[in-house]
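Paired with chain B in one complex and with chain C in the other, chain A is shared by the two complexes that follow.
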Partner chain A sequence: MFKIKMSDAKLWKNLITAIAALVDEASFNVDLEAIRLRAMDPSHVAMVDFELSKTIFDEFVSEESTKLCINTSEMLKLLRRVGSDESIELSVDPKTARLNMVLRSKYTRTFSMATLEPSSEEPPTPKLSFNSRVKTTATFMRDAIDDAMRISDYVKLEASQEKFTIESKGDLGSASIEVEKGSEEILNLDVKEPSRATFSLNFLSEMIKAASSVSDIVTVEFSTNMPVRLSLELPQQGKFQYYLAPYKE
Partner chain B sequence: MAAQAKLFSVMMSEQKRNLCSICRGHRRLCGKGVCPIIVKAETLIRLEKSLTKENIFGASPPAIFVGSWNYPKVLAGPLVPPISVDDASIMDLPERWVDKTFNDILTYRLSLVRGKSFMDVKSAREPSRFLSTFQEIVMASRPTDVEMWFDKKPQLSLVFSSREAPSGPSASIKQAVLTENPHVPRPVDRVVSDKDLKAGEGILWLYDSEIPQQQITRMLSIGLLGVKKERRLVPTEWSITAIDDILGKAIHREILDYPWISDSLIFGHKALGNNVQILFFPSSWMFEAQEAWLTSANPNPSPGVDYEFQRGRKSYASDLEGAYYATRLPALEYLRSIRRQAGVIVFMEVYPEWIPLGVWRFREICREALRKEPIKFKSLDEALYGVGKRLKLPLARWREKSEVLKFLKVQTRLTTFF
Partner chain C sequence: MPRIKDAVPIIQKGLSEKKAIIVIGECSVDYVGRASSKLKLGDRIVIIKRDSSILVHRPRDYSPVNWQPPGCLFEIQSLNDFLSIKAVHKKSKETVNISFKRVYTLLVLDIFDTGEFTLYASEEDMQRCILSHPDIIESGLKVISYEKKIEPGFVDVYCLDSLNRLVVVEIKRRIAGIDAVMQLEKYLEAVRKYSNREVRGVLAAPGISRSVQKSLVALNIEFKPLSPKKCAELLRKTSESKSLEKYIT
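Take a look at the complex of A and B:
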C-alpha cells in the first residue's frame, strides 16, 4: 500500500519524460523514505539514476518496501494535458494492482492504469571518479548538442582549466562550440586533469532534451575515455542523474 | 493524415535504382542483350489485339490500383483479366510469387486490364457508385466476377514502379458492375463497418485475424480503413510501405520485452535475380538494411543503407525507402515467432537480370529465407565471414557502410564500468 502526493504535477510529468528517454518500462522502488529508480537502457549503454525523498512530497505514505512498475509512454499519454496549477496523487489499489492517478486543479481528473510485473534486477552504479566537472546551463548544452547533430552522430566533450569544448566531425564538415571559464553559461568549471571523451549523440541529445525541461542547470562530469554523468538540479532532496558510456578511442 | 500518407511516397532515388522504370525498354540501359520488357510487350500487343471490344468480363483476383499521379485527384480502378483463368487470385498475390519465373509474373500482371477513373482521395468518406463498387471488389477474399465498360479499347502503356507490380492495358471506365456477390471475410466486414476504428488499429486487427497482407494493403488503398470522416484513397505504392511499417512497428513494441537470442544466425534465399541474406546476432533490437544494385556497368557498387536502434526510427528511411520496411517486417515476424529479440542486418543484392516488379520480392524472399533452417555461429565475426561468402559484393563494401557494426565496434557498455 502506498500513496504519494505532489503539488507540482508538471514536475512529475517532466521527470517521467526524462526517464522515458531511456526506458519504456520503469520499475520504481518505494520504501519508507523515498521513491527510487535505477535502470539501464536495453542496450546497456546509458543509465538513469533517480531518487525523490519523502520530504519533497506533500504526502508520502509507504508502509513497506514495494516495487511499482509502469509503462512510461502509457503514463505520459495520460499526463499529456497536465497544467502548471495541477497537483498529482498516485496510489496503487492492492486488490486490482492498478495505479490510480488523481490530478487536481479547479476540477479533479482520475486516471487508472495497469501496472506491470517488475522485470529486471536493478543495476549497480558505475564506479567512477571524475576529473572534470562542468556546471552549465541546460540551454547552452541543448543548443550546443543541437549544433553538433547537424554535423555528425557523435560528439567529443573536452575540458581544460580554461574552457569546455563540444566538438563534432562529419563527412560534410565540423563544428566546435567553446565556452570559457567566466562566461555566463559556466557556473563552475572544476578540472583536476584535462579530460576528453566521445559520446553518441543519439543518446546524449535525448538526455539533454529531457533534462532541459526538468532543470535549468546541468552538471557534466567526465574523465578521459570514461562514462559521462549528467546531473540535473531538483528541488530539495532529489537526485536525477544520467550515465552514458563513451565510444572507444 | 495527408502528410502521414505522403510520408511513404516514392522518391527519385528509389525510382532511379529501378532502371527499367526509367528506360522502359527504349534504350537498353541495362546492357542486357534482350530486353525482357520488349519481349513481353510484344506478346502483350498480341493480347491487346484480342481486346477488340470496349467491354470486358472476368474475375478480379481481387485487385485494385490507385495511382499517385495528380494527387489528390488520383486515378483508381480495379484490375480484371479479360481471359478465363483457373485461379485469378494468384495474379495479385505476391505472397505466392517467390518461386515463380519472371515470365510467370509478367504474364499474371500484364493480363490484368486496369480500369481508370479520376477520384478525389477524400471521396472515400462519401463513396460514389464507382468507388463503392471498387470497395466491394476489394473486400472480397476470393476472385469476384466483374464486368467493365470503357470509353475506348484498353491501351497498353508499360509502367514499371519500384513498389508495386505492373499491370496490363488500361482505359477509362464508363461503368463497372459486380456480377456476383463477393465473399467477404468477417473481420474485413467488421473493420470496414466500424466507423470509429482508427486505421492503425484496423490494420492490426486484420493482420491478427490472418487476412493476407496484400488484402489489407488493397483495403487501405481504396479508402476502407480508418475513422469514417478521415478515410481517403491512398496510392497503391504508398500503402504498400505504410502497411509494412505499421505492422512492423506493432511487432517491434512486442519483441522489446523478449530475451536476446544466444547465437548468431544467418538465413538466406535467392530468387528472381535477388539475393537476400539476413544476419541475426545477440543484442537488444537494432536493425539495418543494406541494398546493392550490381549492374554490368558497376559490379562493385557502394550499398545504400538505413538503420535503427532499440527504439526504432522516427524519420523515413530515405536511402532504401520501401525496401527497408519490406525487410524489417519479416525479420520482426521471425523474432516474434521465436519470442526473442536480436540485432539484425539484412544484405540485399540485386543482379542485372532483375526487372522492376515491385518491392514485394524483398519481403517475400526474406519470408522464404526465414522458413529455412539457419546456420549458427558462435560469434558475430564468424557469422559476418559466413555472410560474406554468400554475397557477390565483397564483405568490406558492406562493412564500411554499416552503422550498426560501427556502433557495436565503437560504443562501450556501462556494464564494463561496474
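Take a look at the complex of A and C:
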C-alpha cells in the first residue's frame, strides 16, 4: 500500500522537473519514513540525491519498503497544466501496478500511468569534502550561468575568502561574473582554501534552471578540480542535491 | 581563359557524360518561374552537379543567388559571342538563363562521393554508446560481448540483465521495419538453441514502423526508443566531463 498527498502540486511538478534534468527513468525508494531517489545520469557525469520525509506530506501511507519507478517525461506531460492552487495525490494500484495521480482544485482530475520495472541498485553518494561553500540566490546563479553560456560550453567556478567568480572563455570572447562577500546575493561565503574547478554548462544550466523553480537559495560547494555539489533549500525536512563531475581540461 | 566557342562543346560533352561542371566568369542571370528575377553582369561561380541540379553563386553569401533542384534539362550554345546556359526544370517548368560574357575558368570533373552522411551518431557510435553506458537500454544491464558471431551474422550487443537473462540487442539508427525484427528473431532463435537461459530480444531504434508492432508482440521482442541524437549527446557529455564514479569509490 502506497499513498502520498501533497497540498502543493506545483512543488511536486518542479521536483520531478529537477529530477528529469538528469534521469528519464526515476526509481524512487519509499519506506515508512520518506521517499528517496539517488540516481546518475546515463553518462555518469552527474547525480541527483533527493529525499522528502513524510512530514512534508499531508498524508503519507507506506506500509513497507517499496520501489516506485516512473518515466519522468511521461509524468511531466500529465503535470504540465498544474495550477498553484492544486493538490496532488499519488497512489499505486497493487493489482495493475499503475500509478494513479489525482489533482484537486475546484475540480478533480485523475490520471493513471504505467510504472516501470524498478532498477537494480542505487549508487552511493560521492565521498567528498568541500573547501568552498557559497550560499547564494538562485536568481544570481541562473543569470550568471546564462551570461556564461553566451560565451562558451563550460564554466569555471572560483572562490576566495573575498569573492565568488563565475568565468567562461570562448573563441570569441570571455565573461566574468563576480560577486563579493557582503553583497546581497551572497548569504554566506565560507572558504577554507581558495578553490577553482571547471564544469560543463550543458549540465550546470539544466540544473540551475530546474533548481531556481524549486528553491530561491542554492548552496554551491566545491574544491579545486573536484566535483561540485548544488543543494537546494526545500521546505521543512527535504533534501535535493546535484553532484557534477569536473570538466576534462 | 577558355574562348566562348571552345567552352560550348566541352560543357555539352560534360553534360552528356553526367559530370560535375564548374564555370567561373562574368555573367548575367535571368530566372522565370513561380517568380522572376534579373541579375545584371557580375562575376559568378556556376555549378552543375551530376544529378542535373544547378547553382549560381556570387563571390559572397553562403546560399546561391539562383538555383534549380535535380532534374534539369540543359541547352548550351554560343549566342552573339556570349556563352548561354539555359536550364529548364522538367517538373516545375522553371527556367534559369545564364549568359556569360567572359569565362575565366571551366572545370569538367569526374569526381565521386559515396560516403554516407550522418547528422548525429552513426550506428557504430550508437553501439559504442550502449557499450559504455548499457544503462541507456536498461538499468542493471551488463555487456558480455559485442559483434558476437551467431549464425546467420553478428549480434550488435550481447548482455545479461539484472535477473541474469541473456539480452540480444539489435541497433538501428532509423525507424526499424520488419527486416530488423526478422533479423533479431533469427539471432534469438540461434541463441535459444545453444543456451538454456531465458533470452530477451531488444530492438533499439529511434522508432518502429506501425506495421511491425504486431510482430513485436507476437515474437515477444521489446522495443527501446533510442535516437542517434541522444547517443551523440551522451558520447559528447562523457568525453568532455570526468566520470562521477571516480569520486564514489
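Heads up, the rule we're going with is that the second predicted complex is superposed on the first by the 246 of 249 C-alpha atoms of A that agree within 3 Å, B and C clash if a C-alpha of one lies under 4 Å from a C-alpha of the other, contacts with A are read in each partner's own complex, and residues count from 1 in each chain.
We take it that a contact is a pair of C-beta atoms (placed from the backbone, for glycine too) under 8 Å apart; a residue touches a chain by one contact, two chains touch by 3 or more.
It should be emphasised that the depicted structure is a prediction, and the values quoted were computed from it without experimental measurement.
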Clash or fit, chain B versus chain C on superposed chain A: clash
First, second, both or neither for A:Ser27, with chain B first and chain C second: second
Partner chain(s) touched by A:Lys106 [first = chain B, second = chain C, both, neither]: neither
Partner chain(s) touched by A:Lys95 [first = chain B, second = chain C, both, neither]: neither
Which of chain B and chain C A:Ser200 touches, first, second, both or neither: both
Contacts of A:Arg80 with chain B and chain C, given as first, second, both or neither: neither
First (chain B), second (chain C), both or neither touched by A:Glu121: second
Where chain B runs into chain C (options 80-88, 224-232 or 278-286): 278-286
Set of chain A residues, in rising order, touched by both chain B and chain C: 25, 40-47, 119, 123-124, 126-128, 153, 200, 202, 226-227, 243-248
Of all residues in chain C, those that touch chain A in their complex: 133, 135-136, 139-140, 162, 234, 237-248
Residues of chain A touching chain B in the complex: 24-25, 40-47, 119, 123-124, 126-128, 153, 200, 202, 226-227, 243-248
Of all residues in chain A, those that touch chain C in their complex: 25, 27, 40-47, 119-121, 123-128, 153-154, 199-200, 202-203, 226-227, 243-248
Chain B - residues contacting chain A, complex: 256-257, 283-286, 309-310, 403, 407, 409-418
